[in-house]
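Listed next: structures, encoded as structure tokens.
Here come two complexes built around chain A, the first alongside chain B, the second alongside chain C.
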Partner chain A sequence: MKSNQEPFFIQKKSLEIILSNLKLKGYKVFGPKLKNNAIVFGEVGSINDLPIGYVDTQGPGKYEVKKSSESFFSYVNGPFSLKNFLYPSEVDLLKVEKKDNKIRVLSNTNVVEKRAFVGIRSCDLSALKVLDKTLLGYEYVDEQYKLLRNGTFILGVNCVRAGENCFCTSMNTGPKLGDGFDLALTEMEDGFMLEVGSAEGERMLDGVELRRASEDEVQQAGELVERAARVMAKKVNILNLKNVLYSQLTNPRWDDVAKRCLSCGNCTMVCPTCFCNDVFDDNELKSGVTTRKRIWDSCFNVEFAETTAGNARPTIKDRYRQWLMHKMAYWVDQFGTFGCVGCGRCITWCPVGIDITEEVRALRGE
Partner chain B sequence: MASGYSELKNARIEGIRWDTQDTATVRVSLLEEEGRKSYSFKPGQFNMLYVPGVGEAAISISSTPEGSGVIEHTVRAVGYITRALLNLKEGDFIGFRGPYGNWWPVESIARRNVLVIGGGIGVCPLRPAIYYLLKNRKKYSSVKILYGSRTPKDLMFPDEYSSWRDSGAEVHITVDRGDENWRENVGVVTTLLNKVDVKPENTSALVCGPEIMMKFTAIDLVMRGIKPEDIYLSMERRMKCGIGLCGHCQFGGFFVCRDGPIFTYNQVEKFLNVKGI
Partner chain C sequence: MAGKLKIAVVKFASCSGCQGVLLDAEEELPFLVDNHLDIQYFIEATSRIGDGPYDLALVEGSISVPEDLKRVKEIREKSKIVATIGACATTGGIQALRNWSSLNDFSRTVYLNPEWIASLDKSTPISEHIKVDYELNGCPISKQQLLDFIVSMVIGKRPRIERNSVCVECKRLGNVCVLVADKLPCMGPVTKAGCGALCPSYGRDCYSCFGPFEDINVESLKKKFKEIGLKDYEVLHKFREFTGYSKQFREVKV
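This part shows the complex of A and B:
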């Protein structure tokens, strides 16, 4: 649901009331937190848990945070995304009991709490829509994702600063939040512009001192976001991108990037849409109950495409090509959307600083 | 919408028949109360077989689609799951879900000449189609089966070739390397195409085997004038979930489990021609 009302203007400290309303209404609240010198998502009790004033500097294979402002949301994205919570790295799929030689599937006892996520950027909200199409859009759905995703509350933030590795403007995924948020903030010098995206969002405004944002304020907030878009340095040309890449499967650039790529899989771990997984049996020897667990896998793992007939992608070149082609081309055929939202995490967290935007540019011959 | 992983049924091992040194056919049946009678599949589909405490593997169905209640899966013991499966014995129960995937177009190719071309254990997912074609032999102009393996010892289902012939199929067999007793063709499976009369405008080909064999078979068939959209290939990729959720079986813009495993040559040509896709 798109913002259905005129925006409000609130004091920054009013965010505290919204957080406590969320908790009062039964939500467990997660938001950005500083941990081990990186901004990750974790449980937040109050606005004092937010990394207020911290700003990140990112580059290919580079990430640094420093306290250098008074703003609440000057940093962009860290290594975590909604994927860590809605599609966690390890989840129980089902339990199987073996009795009298026969198997019995035990009912899934996962209890899911209501969760609210604060400080979600447009790229990550877009990634959620990609995951929805990918995991819920076809005949068989990912039941665990469906369970964890249901009833998720999103308090979004429009980016007023572009990170060095961001390219959401190219992927049409930001920096302004599209639909799907419950509440959205745009940080201004002396307060937040607040947009309401859902009835549930509106319910969290009890006790918040609200006033209609003035026309000037609305315009100013819009300009801040537009400026972030304008100064965004990284770009990908998506014009006819799928077909262009399909025609470049034997481009020598794949050999070039394969010399740099370590095949470590970091990019797939931090990617907010990478969903490839493996399932393994965790056996309790005493009870004889087996838990079938789903864990993140990565197309960079050497055995990922191994079959009886051999390994379909034995070289790093094959595996890097699979990953980039999946994000930027195959995904379009498979799920009707790009698998990339331009968050830039794969660039930041690549230990050798491979930049997907540069690789695409080279493959396009630009 | 359907749920996937938890749809496991019990399947009783009715027997394991070793076909070659490393390949065996596992015969299973579902329990009466878990849908033994209602279970049906089409030629070319696969099931997920689950060895409790070990894991699941996608295995194509190799028996006739005419339901006798016993479903056959032919398995090469290579990984830990297939080895565990083949270590089981009659009366053991495994988990079972399926059938999944699309199927050979046996109905829509009626009245045509059908070429069935198999390589190695690739003949296993073709076997249900062979049974179907021969049971309905009158519906097809001709049925020709071309099958090859590495050595005579690796040939699958050698006892059945004469019954295939008796049911109205032309059957040609080849091996890459013969032995002292081998009297038939030696050479890759495409060499058998020179032995049969191919009428390109009215022929459909069903092909399954190693990827390299399918690629060169398709190229050969196209050179003989068969349209790429009349050449059907059953692709092999690592299918971990069977239901389009794990990402393992990707083949270019396809999920082999969800969009296949059977594709026409024109769908996959651009990916088959590049190594390492």
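This part shows the complex of A and C:
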């Protein structure tokens, strides 16, 4: 529900008022924070918690962050995404109690607070749409995700800088935010251009000194985002990509990448759309309570495709191929969209810097 | 459940730290012993000695001295299930560092009467001598993993012993990668999960006390370590620590 309203222009310090409005309206506010030499998401109390001035430098298997500007949002993305909050690494699915030889299902008492996420980039908003489609869009709805997703407030930020590993322009997922945000900022030299995407977003503007953005400012903001798109160095050619990849299942490039791939699963963990999981029961003998848990798993786990009839993907080559094919081809058949949003996290956080854009290029013979 | 599970906790060459993990389960152990476990043999905990047979033997330590060759076979014969606990029992342990050196040289340097030392040339994992049903890794093992394992044995379900990398656990916890962001030589990408990514959670690099998972890529990680500035011998030392004599690490050369 993108608003047709013309954008506003606000002072940078006005973001503080928006944050406090969110809190007043009962939201727990999360945003980018500096932790252990990286930008991660954490609870933010005020704009002073934001990593203002920090700029990240990323490369394949490389990440550095340094203070070198005055901007609020000059970094692109860190290792974590909305997935960490909306599809958490561990959730309880069911609790049952066995007492006096009777089994009783204990009610799920998960209380979900309203959460607002500040500084969400277009790649991550796109990833949210992929997760929505995957987990909510079909006959079997993921109730846990639905519970956590419901009432999520998104304060998005249009990227005016392209990260070294970004390729959202190729995947048509950025750098400009599509619909789905409540509020969106574009950072300019002396303020933010502010777009309102929902009535809830509008409610967070109480007390904010607003003025209509001038035509010049709107144009300038647009140019900043377009420039980020233009200078984005990494690219994937998605033309007929699914069919091209289906025709390359025996390409020797898979052997080549298997020599580099550690099969550690980092790419799947940082991927904002990877949702594979393992379900197991945690039995407590003393209380008689069994908790069925769901925990993130990875298709790089050697056990992942193991069946009583054998392992369908016993080698690293099998598993890397499965992952790339799923992101770029199988996902299209399953869910009508790519499983990749071009955020580049898998490139940055692969310890040995395997670059999915390079692999696709090689597989395409380009 | 037909009666209590008869267990033995057996020690070979080791520091007793893994047995200590079981004793450290102060919250859980009394209930387990009252209701589900019959401790037949656990020298560290009780002087009562039951000769077996056992439903479950938890075996700590590596095979390092000649008399253990026989004793480990007896344990196997007496036990329905044998589970090794810890880096020594599963990989040979820190004492397996001697496997790349001369035992004689060490004996002569350390002991006044080296001729009194009766020791095998190599310290070897239990699985090189008998069939092992389950392996719990770590130096020491994880208390949570041990308790989950015991509970699984008690109720008769397949234990969940994760075969993912430490990286998967580390990312689940929301840690920032110390290898990528801090350029620390972290062994997480070749190390089996189970510890709860303990070291990286405190900002240091994993030294693989859980040992390797099944099909690791040693060459690729070696290359990365060199790229972040490790010298050849430093790379070798990363693979020659507590689990250096695991099947996958022992062949590593630089």
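In the analysis below, the second predicted complex is superposed on the first by the 361 of 366 C-alpha atoms of A that agree within 3 Å, B and C clash if a C-alpha of one lies under 4 Å from a C-alpha of the other, contacts with A are read in each partner's own complex, and residues count from 1 in each chain.
Throughout what follows, contacts are C-beta pairs under 8 Å (C-beta built on N, C-alpha and C of every residue); 3 or more make two chains touch, one makes a residue touch a chain.
Given the structure is predicted, the values throughout are model-derived calculations rather than measurements.
A.B. asks: Examine A:Arg321 and indicate which partner it touches, taking first as chain B and second as chain C; both and neither are also allowed.
C.D. replies: Only chain B is touched by A:Arg321; chain C is not.
A.B. asks: Figure out whether A:Ile103 sits in contact with chain B (first) or chain C (second), or with both, or with neither.
C.D. replies: After superposition on chain A, A:Ile103 lies in contact with chain B alone.
A.B. asks: Between chain B and chain C, whom does A:Leu93 touch in the aligned arrangement: first, second, both, or neither?
C.D. replies: first
A.B. asks: Counting only touches as set out at the top, which of chain B and chain C does A:Pro351 meet: first, second, both, neither?
C.D. replies: A:Pro351 sits against chain C, while chain B stays out of touch.
A.B. asks: Which of the two partners, first being chain B and second being chain C, lies in contact with A:Asp297: first, second, both, or neither?
C.D. replies: both
A.B. asks: In the superposed arrangement, which partner chain does A:Phe280 touch: chain B (first), chain C (second), both, or neither?
C.D. replies: So A:Phe280 meets both chain B and chain C here.
A.B. asks: Please work out whether A:Leu135 is in contact with chain B alone, chain C alone, both, or neither, and reply first, second, both or neither.
C.D. replies: After superposition on chain A, A:Leu135 lies in contact with chain B alone.
A.B. asks: Looking at A:Lys35 after the superposition, I want to know if it touches chain B, chain C, both of them or none. Which is it: first, second, both, neither?
C.D. replies: Once the two structures are laid over each other on A, A:Lys35 reaches chain C alone.
A.B. asks: Using the superposition on chain A described above, determine whether A:Phe167 touches chain B (first), chain C (second), both, or neither.
C.D. replies: It touches nothing on chain B or chain C.
A.B. asks: If you lay the two complexes on top of each other, which residues of chain A touch chain B in one and chain C in the other?
C.D. replies: In chain A, positions 280-281, 283, 297, 314-315 sit in both the chain B and chain C interfaces.
A.B. asks: If we count contacts the way the header does, which residues on chain A are in touch with chain B in the complex?
C.D. replies: 93-94, 96, 98, 101-103, 105, 108, 135, 138-143, 246, 249-250, 275-281, 283, 290, 292, 297, 299, 304-309, 312-315, 317-318, 321-322, 325-326, 329-330, 332-334
A.B. asks: What residues on chain A touch chain C, complex-wise?
C.D. replies: 35-38, 40, 61-64, 78-80, 84, 89-90, 259-266, 269-270, 280-286, 295-298, 300-303, 314-316, 348-349, 351-352
A.B. asks: State the interface residues of chain B toward chain A in the complex, per the touch definition above.
C.D. replies: Listed in rising order, the residues are 1-6, 8, 10, 50, 52-56, 76, 78-79, 82, 91-95, 121, 210-211, 236-238, 240-241, 243-248, 250-255, 258, 270-271, 274-277.
A.B. asks: With touch defined as at the start, can you tell me which chain C residues reach chain A in the complex?
C.D. replies: Against chain A, the touching part of chain C is residues 28, 31-32, 35-36, 148, 151-152, 154-155, 157, 160, 163-165, 167-168, 171-177, 179-182, 186, 188-190, 203, 213-217, 219-221, 223-224.
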